[in-house]
Amino acid sequence: MKDIYITDLAAFDEGKLFNSFFLVLAKQQRATKTNKPYLNLILGDKTGQLEGRVWDLGDPRIAKDFERGDIVKVRGSASRFDDRLQLKVDQLRKAAPAEVDKTDLLPSTTYDVAALWRGLESSVQSLTNPDLKRLLNAVLADPAIAQAYREAPAARQLHHAWLGGLLEHVVSLLGLAEKVAAHYPQLDRDLLVTGVVLHDLGKIRELAWETGFDYTVEGVLLGHIQMGVDLVEKTIAALPDFPPRLRTLVLHMILSHHGKLEFGSPKLPMIPEALVLNFIDDLDAKMQAMKSEFEKSAREGKAPDELTGKVWALDNRQLLNTKAWLEGEK
Amino acid sequence: MKDIYITDLAAFDEGKLFNSFFLVLAKQQRATKTNKPYLNLILGDKTGQLEGRVWDLGDPRIAKDFERGDIVKVRGSASRFDDRLQLKVDQLRKAAPAEVDKTDLLPSTTYDVAALWRGLESSVQSLTNPDLKRLLNAVLADPAIAQAYREAPAARQLHHAWLGGLLEHVVSLLGLAEKVAAHYPQLDRDLLVTGVVLHDLGKIRELAWETGFDYTVEGVLLGHIQMGVDLVEKTIAALPDFPPRLRTLVLHMILSHHGKLEFGSPKLPMIPEALVLNFIDDLDAKMQAMKSEFEKSAREGKAPDELTGKVWALDNRQLLNTKAWLEGEK
Amino acid sequence: MKDIYITDLAAFDEGKLFNSFFLVLAKQQRATKTNKPYLNLILGDKTGQLEGRVWDLGDPRIAKDFERGDIVKVRGSASRFDDRLQLKVDQLRKAAPAEVDKTDLLPSTTYDVAALWRGLESSVQSLTNPDLKRLLNAVLADPAIAQAYREAPAARQLHHAWLGGLLEHVVSLLGLAEKVAAHYPQLDRDLLVTGVVLHDLGKIRELAWETGFDYTVEGVLLGHIQMGVDLVEKTIAALPDFPPRLRTLVLHMILSHHGKLEFGSPKLPMIPEALVLNFIDDLDAKMQAMKSEFEKSAREGKAPDELTGKVWALDNRQLLNTKAWLEGEK
Amino acid sequence: MKDIYITDLAAFDEGKLFNSFFLVLAKQQRATKTNKPYLNLILGDKTGQLEGRVWDLGDPRIAKDFERGDIVKVRGSASRFDDRLQLKVDQLRKAAPAEVDKTDLLPSTTYDVAALWRGLESSVQSLTNPDLKRLLNAVLADPAIAQAYREAPAARQLHHAWLGGLLEHVVSLLGLAEKVAAHYPQLDRDLLVTGVVLHDLGKIRELAWETGFDYTVEGVLLGHIQMGVDLVEKTIAALPDFPPRLRTLVLHMILSHHGKLEFGSPKLPMIPEALVLNFIDDLDAKMQAMKSEFEKSAREGKAPDELTGKVWALDNRQLLNTKAWLEGEK
Amino acid sequence: MKDIYITDLAAFDEGKLFNSFFLVLAKQQRATKTNKPYLNLILGDKTGQLEGRVWDLGDPRIAKDFERGDIVKVRGSASRFDDRLQLKVDQLRKAAPAEVDKTDLLPSTTYDVAALWRGLESSVQSLTNPDLKRLLNAVLADPAIAQAYREAPAARQLHHAWLGGLLEHVVSLLGLAEKVAAHYPQLDRDLLVTGVVLHDLGKIRELAWETGFDYTVEGVLLGHIQMGVDLVEKTIAALPDFPPRLRTLVLHMILSHHGKLEFGSPKLPMIPEALVLNFIDDLDAKMQAMKSEFEKSAREGKAPDELTGKVWALDNRQLLNTKAWLEGEK
Amino acid sequence: MKDIYITDLAAFDEGKLFNSFFLVLAKQQRATKTNKPYLNLILGDKTGQLEGRVWDLGDPRIAKDFERGDIVKVRGSASRFDDRLQLKVDQLRKAAPAEVDKTDLLPSTTYDVAALWRGLESSVQSLTNPDLKRLLNAVLADPAIAQAYREAPAARQLHHAWLGGLLEHVVSLLGLAEKVAAHYPQLDRDLLVTGVVLHDLGKIRELAWETGFDYTVEGVLLGHIQMGVDLVEKTIAALPDFPPRLRTLVLHMILSHHGKLEFGSPKLPMIPEALVLNFIDDLDAKMQAMKSEFEKSAREGKAPDELTGKVWALDNRQLLNTKAWLEGEK
C-alpha cells in the first residue's frame, strides 16, 4: 500500500528521504544549460503530479526497463525549486501489480464501488420487461464488461473524471430516472432504466485509464456512442427472439442521448424515454460539474460566498454556491 | 350553460335550427361575387371555430352592438359548403356574462382547477424558509393575481395552451421539483419550489385570454420574465427585512429560467437551483408537447404506431409513441 | 407492360376510355358538398401522379381488396376540372406482380442497371488489399443486399431520388475516387474505394421504395449511417481474422462521411481517405442536384440562359447553366 | 496628493527611496525557493500596477491592518528584476480617505466631470414631455444615484473603462441623439433622450470601482439591464399618475438597448426610438474602442500608419487609423 | 398622362368601360376548364397590379406584337370574381414611350428627384479633399451613371424599393453623415461623404427597373458591391495621380459597408469612417423599413396603436408606432 | 551560398565560431537586469529562427545601417541558455542581394519552380476557348505578375505557407481539375482551368514575403479576392471584344471560390465550374494541411501511428496517418 502521497510532500522537510509508488506519466532525457544530461520524469498519484529528476543515468539503482504508464517504486527526496516541488530520485524500480492498488494512483470515486454495483444490479433485477431484463443481464454478465464498467471514468475531464465515475454517474441517474418515471405515467420505466444503464457503455472502449485518463485511437475515430451501440447490438444478436422494435428503441436511446447533432448524437430523441434520458444525463453531469467547481474554488482559497471563475464546461458562466452565499449574509 | 359545441355540428342534419353561445373571434362586412353584401363572422368555442354568415343586414333580430371578443347567443343552422361547415345566422344577440361559462368558449385544462390550486398552496405551506414562505403567501394573497394564476394559459401555442395551463404546468413542476430536490441534497429545496411557483408569474400580464389567446402589447414589449420580476420585486419591497441576497437569488431564478440568452433569458443559470428549474421547466413543456402531438396525430387519423409529422416546436423532429409502437409488434 | 403514362393523358380527348396500371399512393372515402360519397384515389406512375374518383362504391367491377401501395389495373377516362386532370374510374382490380414492371411506376435511373452493377463489381475485383476485397465480396454476395443495392434511390428528394439512384451515385463516385486517388499518392486507394461502396449501404434499410419513396420508422430512429455500420460490422464479424485497425478505419469512413456533426455524422473525417470521401460524395450530389435543377427549369419553360429559382437544397442560391448562358451570347 | 506615479518609476535610479500612495490590488504571503517568507503585494494607481515585496514580516513599520482594496502609503525603492520593475517596501501604513484623491489611483475620464454633469442636466431640463422630465429629475435627484453616476466606469474592460466613463459615454450619446432626432422627424426626441440617460443606469449597481473595476455578485446574477429597470420602475412607482404606456416604452428602451437576445437584451427594439438607441450606443462604444486601440498601438511603439493587432472586442478585426495612414503617404 | 390607376378601379361600377396605360408584367396563353383558350395578362401601374383577360384571341383590335415589359394602352371593363377584381380587355395596343410617364407605372419616390440630385451635388461640391472631389465629380459626370443614379430603386423589396429610392436613401445618409462627422472630430468627413455617395453605386448595375424591379443575371453573379468597386476603380484609373492609399480606403468603404461577412461584405470595416458608414446605412434602411411597415399596417386597416405583424426584414420582430400608441392613451 | 542553417546549430559545440547569412526578423535595443544595454535580434532562415545578441554596441565590426527585413552576414557562436540556443554576434554587416539566395532564408517549395511553371504554361496553351486563352496569356505575360506568381506563398500559415506555395497549389489543382472535368462532361473544362489559374491571383498583392510572410495593409483592407478581380478586370478591359458574359463568369469564379459568405466570398458558387473550383481548392488545401500535420507530428517525436494533436485549421479535429497506423498493426 502507498502511504505517502504527492500532496503530503509539501509539508516535508526538504531533503528528507522517503519511499513511495508512482505512476510514470512521462519520461524524457534532457540536458541542463551546462549540458549535463538527466532523466526527467512526470510522476503521478491520485492526489496530483510532480516532476522528478534522475541525475546519474548510469546508477545501477535506477532501473532501465520502465516506460510511460508503468508503476514504479521510488526512493528520493523533495525540494522546492522556483516555488515548485521537485523530486530528486535516488532509486527507482518497476513495481509489481500486486504491490500497489491502482486506485491509489489515479483519482477515484469517493463512493463504495461494491455498493454502487449492487445498486446497478438491483435496478436491473427490478425490470418487469423480460426482454430488457435479459438484455441487461447478458451485458453485465460479461466479466470484461463488468470489470471495465466498475472502473471506467465517465469522462476525461468534464464531469465524473475519476475511476468509478461512470458507475457513480449511472447509479445517480438510476435514482433520478425512477423519480421521473414515477412522475410521468406515460413513460415506459423499463425502457428508461435500460437506456440509463447502456447509454455510456461505449465509454469502456472509448477511454483508457491505465496511465492517466485518455481516449483510445479507436475511441477518437468511432466514439462511445457507436462503440456502445456495437456492444449492445452484438449482445442482442445473441439473444433468441429479441423483439425487433424493442431493439430499435434501445439503440435509438443510445444514439440520441446527447440530444443534439452538434453534440455528436446522429439522431435527436424522438420518443419520450429518449427525451428524458437526454435531460437527466445532462442535468446530472452539470450538477456534478457545479459541485466539483465549488470544491475547486474552495481548494484555490476562494471564500465560500465568492463567484467561481468562468467555467468552460458550462458555457463560460460563473457559478455561485447558494448555501454558502446565503450563509454569508447571516 | 352551453349544450351544443362546434364539433357536435358535423353530425347535425343540414338546415336544422339550433341555439348556442359563441365567442366572436372576427367580424367583417363582405360582398359576394354578385355584390350582395353580408356579414362574415368567425365564431369559436372550446372545441374549435366556424364561419358564420348573416345575409340580411337590416334584420332587427340581428344585434348591431357586438364586437370582436364579445360572447353572443346565436340561432341558426349549419350546412356544408365546399366540404366545410358554415353557419347561417338567423338571430344574434350579445350574451350577459352570467349566461355562459367562459371555460366553455376556450380550451381549458382537463384537471380540476380547485384541486390544482390546493396542490400549489400546500407546496407553499410546506416551505420552512420563513422569508420565502411569506413571499409566496404575499404573492398569492393578491386576489387579482390569484384569479389570473388560476385562469392563464402557459403559452399561446406551444405547450399547455389552454385555460388553467399555467397552473397545471406549475403543479406538475412542483411534483418534479420535490423529486429532484430529494435526489440532490445540495439543493435548497425551498428556493427551488419558490422558483417553480414564480418563474412564469409574468405570463398573467404577458398573455390575454379573454378573446382567444394572445399577447398584450405590454407583453410583447417587456416579456413575461421582466413582468414577473417586477411583480415579485414589488411584493418583496413591501415585506419588511427581506434578506437582500435571498431577493437576488429569487430574481435570478426568474431571469435565468429560459436557460439561454437566445431564448430570452438575459442571464444563464448560475446557481444549482436555477439550473434545475431550467431543466425541469423545459422537460415538462416538452413532455406535454409530445403528449399533445400524439393526441393530435390520433385525431388526424394516423395509426398509433406511425411517426408524427415534423414538430416545429421540437426542432422539426418527428415523434414516435413508444407504447403504441411496441404494442403494434405484438 | 404499361403503355399509357400519366403525362400522356394531357393530350387525350376528354372522356375517351383507356386502360393502364398505376401505383396506389393514397385511398380515402369522401363525400361531395351534397353529401354524395365517393372513393378518392391518388394514382402514380414514373411520370407523375393523378387524382382518381370512383363514384359507384357498390359497382362489382371495382375491387374491394386493394390498399395504399398496391399496383392496380384501371379502366376509365380523364377530364379536366379546375385546370387539373381527373380520372373517372370505371373498373379497377389488383394487378399481379408479373403484369407490370415496377420501374414503370416509380422514377428510375436512366442508366442500365446491369452495366452499373458490372462497374461496381469490377471496382471490387480490382482491389489489391485482400481483407477489403473479401469484405466487399461478402457484403455484395448477400442476395437481399445485392437486390436492394440495385433498386434503392439515393435519397427521398434531394439528389438521385429515383430507383437505381444509389447505385448510379456510387458508380459515379467510384470513377471520381479513382481519379482523386491517382492524384494524391498518399491515399490508400483500396480503402477509399471501400468507403465509396459502403458509405450509403444503410440506405437500403433507411428508405422504402415500394410505394413511393419514404423513410422506414427504423430509418428515422437510427439513420442510414448507423444502419450501414451495423451491416458492415456483422459482415466483418463473420470474416475470420479481419484486422481490427482496418475494421476501425472502414467504420470511421462510414461514420464520418457527412463531414460535419450537424449533418448527422457523429465524427469528423480524421484520415485522408475519409476527407476525400466526404468531398467527392458532397460534390457528386451537388453536381447531380444542379443538373436536375437545370432540367426542371427547362421543363417549367424557362429560357436556357435564365437563372433558376432559389434552390433549397443548395442553400437557397440560384443557379445558372454555363453552357446555355454562353450560348445565348453568340 | 500623490506626486509619484508608477509610470514615473521607470526613470528612477534603482534603489532611490521615495513615498507614494497606492491601491492594494492583491496581498499574499509567499516563500522563496530557499523558503524565506515574504509578503507579496500588487499595488496600483491610475497609470498602471507594480509588484511590491515586504521582506521583514515582523518589522513594526509595516502595518498589519490593511487588506485588498485599501489605500496605503508606502516608503520604498524600485529595482529591476528580470526586466520588470519591483518595489522593495520599507514602510507601509493605511492611508486616510482624505489623504489622497481616488481618481489618482484608478484610470479616470480626461473630461471635466462637472462639465459633463452640467451637459447631462441641461439635456434633462430641455425636455418638453413633463412626465419624462419629472422621471429624469427624480432619478438624478437621488444623491446616491447622482454620485455613482458621476463616478462609474461604463464597462470593466471593453470601452470607457475608467472613472467617469459612464457619464462621458452618456453625454456623447446625448449629443448624437439630438442630431439623429433632428434628422428623423418621426422620432420622439424626448423619449430618445430619456432612453440615453437611463439605458446604462444599472451599471452603477452592476459594477464596483472601489478597488479596481469589477462586477458585484448581484451584478453578475442580475445584470445592469434588470438593475436599471428596477431603479426606474421604483422611481416611476413613486411618481403620481405616470402614464402606463409611457412607462412601458421607457422600460422597453432599457430592456432592448443591446439589440440582440444573444447580447443579453431579452427583447429586440420594436419602436423607432429603441432602434436608434441601440445603434448610437453601439456606435459610440465602438468609436471609443477604436480610439483607445489607436492610443494603445501608439503606446506599444507601433508606427501610426501600421494596422493594430486583432481587436477582440471588435470581432478580432485589425484597425487602421485613417488620418495617420493617409499622412504617411504624403 | 395616365388618369385611371388600378386602385381607382375598386370604386368603379362593374362593366363600365375605361381606357388606361399599364405595364405588362406577365403574358400567358391559357384555357378554361371547358377548354376555351384565352390570353392571361398581369398588368401593373405604380399603385398595384391586376389580372386581365383577352377572350377573343383573333380580334384585330388586340395587338399581337407586345411582350412582357412593354407598356400598353388598354380599353376594357373591370368586374369582381371571387372577391378579386379582373379586367376584361376589349382593345389593346403597344404604347409609344412618349405617351406615358414611366413613373406612373412603377412605385416612385415621393420626393422631388431634381431637388434630391441638387442635394447630392451640393455635398460633392462641399468636399475640401481635391482627390475625393474629382473622383465624385468624375463618377457623376458620366451621363449614363447619373441617369441611372436618379432612377434606381435602393432594393428590390426590403427598403426604398421604388424609383428614385437609391438617391433618396443616399441623400438621407448624407444628412446623417454630416451630423455624425460633426460629432466625432476624429472622422475624415470627406472620406465618409465619399463612401456614402459611392457605397451602393453598383446597384445601378445589379438591379433592373424597366419591368418591375428585378436583379440582372450579372447582378446575381457578381453583386452590387463588386460592381460598384469596378465602376469606381475604372474611374480612379482614369484620374491622373490619384493617391494609392486613398484609393484603397475608398474601395474598402464600399467593400465593407454591409458590416459582416455573412451579409456579403468580404471585409469588416477597419477604419472609423467605414464603421460609421455601415451603421448609418443600416440605421437609415431600418428606419425607412419601420416607416413603410407602419404605413402598410394602416393600409391593411390596423388601428394606429396596434402592433404590426412580424416583420421578416427586421428579424421577425413586431413593431409599434410610438406616437400613435402614446396618442391612444390620451 | 549559405552553408550553415539554424537547425544545424543544435549539433554545434558551444562557443565554436561560424559565419552565415540570416534574415533580420526583428531588431530591438534592450537592457539586462543589471541595466547593461544590448541589441536583441531575431534572425531567421528557411529552417527556423534564433535569438541573437550584440553585447558591444559600439564595436565597429557591427554595422549600424541594417533594419528589420534586411539580409545580414553574421559571425558569431551559439550557446544554450535555459534550453534554448542563443547566438552571440561578434561581427555583422548587411549582405548584398547577390550574396545569398532568398530561398535559403524563407521556407520554400520542395518542387522545381521552373517545372511547376512549365506545368502551368502547358495548361494555358491547352485551352481551346480563344478568349480564355488570350486572357491567361495576357495575365502571365506581365513580368511582374509572373515573377510574383512564381514566388508567392499560398497563405501566411494555414497551407502551402512557403515560397512557391501558390504555384505548387495551383499546379496540383490543375491536375485535379483535368480529372474532374473528364468525369463530368457537363463542365466547361476551359472555364474551370481558367478559374484555377486565376482564383488566388490576388495573393501576389495580399501577401508580402520579403521579410517573413505577412499581409500587406492593402491586402488586409481589400483581400485577395477583390485584388485578383481587379487584376483580371484590368487585363480583360485591355483585350478587344472580350465577351461580356464570359467576363462575368470568370469574375464569378474568383468571387465565389471560398464557397461561403462567412469565408469571405461575397457570392456562393452558382455555376457548376465555380462549385467544382470551390471543392477542389478546399480539398487540396486540406490534403496539404494533413500532410504537413503528419510531418510536424513526426518532427515532434510522435510515433507514426499516434493521433496528431487537435488541428486548429481543420476544426480542431485530430488526424491519423492511415498508412502508418495500418503498418503499426502488422
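Chains: A, B, C, D, E and F, in written order; residue numbering restarts at 1 for each.
One rule holds for everything that comes next: a contact is a pair of C-beta atoms (placed from the backbone, for glycine too) under 8 Å apart; a residue touches a chain by one contact, two chains touch by 3 or more.
Owing to the predicted nature of the structure, the values given are computational and were not obtained by experimental measurement.
Undergrad: Taking contact as defined at the start, I'd like the list of chains shared as neighbours by chain B and chain D.
TA: A, E
Undergrad: Quick one: how many steps at least from chain C to chain D, stepping chain to touching chain?
TA: Counted as steps through touching chains, the separation is 2.
Undergrad: Does A-B or A-C have more contacting C-beta pairs?
TA: Looking at contacts between chains, A-B has the larger number.
Undergrad: Residue numbers at the chain C-chain F interface: does the shared fraction exceed half, giving same, or fall under half, giving different?
TA: same
Undergrad: Provide the C-alpha centroid distance between chain E and chain F, rounded to the nearest whole angstrom.
TA: 45
Undergrad: Multi-chain contacts in chain B: which residues touch at least two other chains?
TA: 217, 220-221, 249, 270-271, 307, 318, 320, 325
Undergrad: Going by the touch rule stated at the top, which chains touch which?
TA: Final set of chain pairs in contact is A-B, A-C, A-D, A-F, B-C, B-D, B-E, C-E, C-F, D-E, D-F, E-F.
Undergrad: Along chain F, where are the residues that touch chain C in the complex?
TA: Residues 172, 175-176, 179-180, 182-184, 186, 188, 191, 243-246, 249, 268-273, 275-276, 279, 282-283, 286-287, 290-291, 307, 314-315, 317-323, 325-326, 328-329.
Undergrad: Using the touch definition from the top, list the residues of chain D that touch chain B in their complex.
TA: It comes out as residues 217-218, 220-223, 225-226, 229-230, 233-234, 237, 248-249, 251-252, 255, 261-267, 270-271.
Undergrad: Which of the residues in chain A come into contact with chain F in the complex?
TA: Residues 30-31, 33, 35, 217, 220-221 of chain A touch chain F in their complex.
Undergrad: In the complex, go through chain D and note every residue touching chain F.
TA: On the chain D side, the touching residues are 14, 80-83, 305-307, 318, 320, 325.
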